[in-house]
Amino acid sequence: MGVPRPPDGTLTLSLINISKQFGPVAALRGVDFAVTPGEIHALLGENGAGKSTLMHVAFGMTAPDAGRIQVGGRDVVLRSPRDARYHGIGMVHQHFTSIAELTVRENIALAAGRLQVGEVLRGLDLDPEALAGDLSVALRQRLEIAKALATGARVLLLDEPSAVLAPAEVEDLLSRVKAFVRAGGAAALITHKLGEVFAAADRVTVLRQGAVTLRAGISEVTRDSLVTAMIGGPPPGREQGAPSRATAMRSTAAVHLGTVPIHAGELIGIAAIEGQGHRELLRRVVREHDAVAFIPEDRTTEGMIPEMSLAENIALGRDEDSRWTRGPWIMWSAVREHSRGLMQSFRIQATSSDAPAASLSGGNQQRLVLARALESEPPPRVLVAENPTRGLDIRSTSEIHDRLRRAARSGIAVLAYSSDLDEVLELADRVLVVREGRVVEAPPGADRRVVGNLLLGIPGSEAVR
Amino acid sequence: MKTLPVRATATAGLALLAGFAVLAIVLHLAGYDALLAIGALFRGAFGSTDAFVSATLVRAVPLIILGLGIALAFRAGALNIGAEGQLYAGAIAATWIGLQVGSWPAPLAVAAVWSGAAVAGAMWIVLPVLLRLRFGVLEVISTLLLNFAAEAAVSYAVTGPLRESSGTYPQSDPIAASARLPVLPGSRLHLGIAAAVVLAIVLWVLFSRTVWGFRLRAAGLGPRAAEISGRIPVKRVLGVALLWSGALAGLGGGVEVSGVTYSLFQNLSPGYGFAAIAVALLARLHPIGVVVSGVLFGALEAGAQGMQREAGVPAVAVAVAEAVVIIAVLLAEAAARRSPSRQPATPVAPG
Amino acid sequence: MDIELVLAGFLAAAVRIATPLLLAATGELINERAGVMNLGLEGAMLAGALAAAIGSVAGGPWLGVLVGVGAGFLVAGIFGAVVIGAGAQQIIAGTAVTMGSIGLTGMVARTAFGPEGPGLTIPTFGPLPIPVLREIPVVGPALFEQSLLTYLSWLLVPVSGWFLFHTFPGLSLRASGESALAARAAGVPVDRVRMLATLGGGALGGLAGASLVLAQVGTFAERMTAGRGFIAIAIVVLGRWRPGGVLLAALLFGGAGALQFAFQALGLEVPYQLFLAMPYGLALLALAGVGGWGRSNAPRELGR
């Protein structure tokens, strides 16, 4: 199968001088990256740095414009994931690629390219006849790994595998990867979380704007040196005079999440694992209150209409605003003027207010959604944000965090959900955990471990109320 | 709303050209004299002022009205493929009412006929609307199936309740004179053309300058975002759009009866309901564009008759050209979706 | 009136009428499971019917079948090229393909058969009785004195089931219909799979049209398929996208079509337009009834 294996079954994957251009954007510039047996090599970088592109090249999903790929020392050409699999490379994708309507066995069979997969199922603790869609998130992740291994992979590429897992589940995942690597496998771990790098990696490479800025063994780096390599400067500081612990106005609650009251001016962080009901609770808040500003999770399908212009998107949900409507009529010139104002104050970069929203970058699209949410007449009393910084680079993320804090300071009750526990802890005055549809409050000053246990419902962790 | 972009017009022109080209090739392969046939087609449509006014424009009227209804539905994200059946429902109602209003003053009689036709058209689409909203049944299939049911209903009507008094042919008696539309002297062009143009302008204003139109467009272009961020009741918007779509198609049937046929019989429509889909798509769902493409397709239909007369080609062959036009527009839209520089073009086809 | 005779006659007619529906629906089942809804199926059937008529006149019913299948294949090929190859919107493209087929067959039929049509000049398939089974009372003559094409349509039911659920190509096909993204990530050539499924579906649609002419009606008339292709799509929904369900649903529609004869045999007077409209009304009812709990069974990629 593929390149002849050395007798101990190990394989090295080498990406040499890889370059890739998407139109005017240079996604990768002369990148070297090697994954050797017995080690976990972390690929670190912020969103948009080129990590995903490099992995797509490694897995045959994209062809590089220049550079070579070597497996086991021999040059190979990867025209598709099939070729990559053939050469012993497996990928565990960020977004689950199991098919919910098929069983575990069928999903593995599909990945393996044959119907007989009995031996892969052994030792996995997964029910072969269960529908993939019925599995918990952590088990689906296990299925993803099983699929990669079913093809006989000796090199595993893990693309941000912990994005949706609780801390204890992440530990389980990383220990499985370490076991794989100890048995002679090679693994590349793509992530933007420093904690994981220090927890699992033997070696780390940092990408920034498509080029390698740091390559070292794990013992040679510090947190700060990694962050500097990632963003090309010191970590962005907080806005001046903005203590995150705002003095909440202890009057009547502005809104309730479940049974927990939330007051005006508070910035509430919400932590939850997928499927525990946080979305339903949050969206009920949106539905049941007027004067609610909402930043939905999926901006391209829920937050805006890509084919409509920036101005039209601003008018979405604001079509009874007296600034540009008179009875049944809309005055588009007024909408455009307002939009231009928003483009300035929120630093939204676009060719004009008539540009289709699809032509904006991810960060600008999120600014658009945020601008519309915050600048309504009358101003909102509650702001609900679902993963507002997902997929954004560090600077945009920092900017959005500041906006959220500013909104809270101006008296709005802010509910911010993030699947990134660290983000929740950093932002919030109070942390609420949603589990099985119910809301519990984390004790003040709780750290990752405590909140993580609350997420998993581990008994013995203290919760307020 | 922005002015009609150059790209859309160019696409439309190329699509038409493709339609004619394929038709010519097919005619040739089937053994017909393709050049004679295409020439006859043009002569039938534009050969003389009379041809243009009495043949082309007359056929343009139902195509425009139905095309507007289909464009309205498409813009809301709903696929009304049952305009043919709704037209027949409208025609049945129009005939029945037209037979009753002999003693009424003409404007009232015509108003009754037209409103009755529109209501009948809306009623013919009610079932698909309910099926979609309550059971999630694709309106494509349900409206499509009802086309056939409508044809059966017409057959029943003209052999039964609405059969002419002499009982000779399967057709109805002619409707009362007061219900018949005034015509341009010396031609067969009737008042319906004014209605068509007025409707087009009304729809254009609705889409570009009203809240209702904006919400409809948003529901069609991004139903989830419209629901969540726009607080638009997408299901209700869809249902209302479909009902209006059916009403317009029914009105088209009523206009045909009161302006052209003056009675009901089978195969009253040479496939207007399907040609109107091509009309709407070619116009990229723009109401004023529908008027232009309605005239073009009216020319096609009128020309088809000429083609049959002069070159012996069955008129139905023109459906080949219409199909190619639709496919050409879809291909252009697919190509535009792929290109990195996304134009703010009106997405033609929902979904 | 001998009730047994009427029942046997009714069942036989039901099976005969169901055959083209079953063939077309089985074909559509395959491509819908791959994620493609082919509204051009009606056009494929019609083209298959005309091609079969011409082929049979030229060289006997088997040539008719071959040409009919080929015509369906070609029509589906055009649809596939436009929708899968170029990425055009499925529903409208399918409608356009059917429109084009109506125009094309109308034209070609006139050239081939003149304005009156072929009448009864087309060589057809006679019934092929199965020796022992035909002796069974009532059911025997109904089920086992049918044409070869009917037996073939039944055979395709378990064959398609085995293909879909017990082979690797079938698994790839189903994966393509549930999630093209995930299937591609697993290495499935989704576009190629869908194209093959569409071509197969079209071929069966052509076969269905051929059987309509050669084993049921016996002649060709313009627009003779009268929406059977669309009813086949409703049958797939009613059958919950499973071969067995499709068989039952097709028989149901066959029964509805045979009802006309049963009523006539029993001397009941009903306007014939009611029977004309019944299959379509039944299809709507079926869609609504299934809609409540059946839609979740639809391959998720359908209609996207």
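Going in written order, the chains are labelled A, B and C, and every chain counts its residues from 1.
Criterion: a contact is a pair of C-beta atoms (placed from the backbone, for glycine too) under 8 Å apart; a residue touches a chain by one contact, two chains touch by 3 or more.
What you see is a predicted model, and the numbers here were worked out from it, not measured in a lab.
The most distant chain from chain B, with centres taken as the mean of CA atoms, is A.
Should one ask which of B-C and A-C has more C-beta pairs in contact, the pair is B-C. As a whole-number value, the distance joining the C-alpha centres of chain A and chain C reads 47 Å. If you average the CA atoms of chain B and of chain C, the two centres end up 29 Å from each other.
Interface residues of chain A facing chain C in the complex, by the touch rule stated above, are 80-82, 85, 91, 93, 96-102, 106-107, 109-111, 113-115, 147. Interface of chain C with chain A (complex): residues 167-168, 171-172, 174-175, 178-179, 181-188, 300. Chain B meets chain A in the complex at residues 2, 209-212, 214-215, 217-218, 221-222, 224-226, 228-231, 340-344, 347. Chain A contributes residues 23, 294, 296, 301-309, 312, 315-317, 319-320, 325, 328-330, 332, 354-356, 358-359, 369, 372 to its touches with chain B in the complex. Chain contact summary for the complex, chain B toward chain C: residues 26-27, 30-32, 79, 81, 127, 131, 134-138, 140-142, 144-149, 152-153, 155-156, 159-160, 271, 274, 277-278, 281, 313-314, 316-324, 326-327, 330-331, 333-335, 337-338, 348-351.
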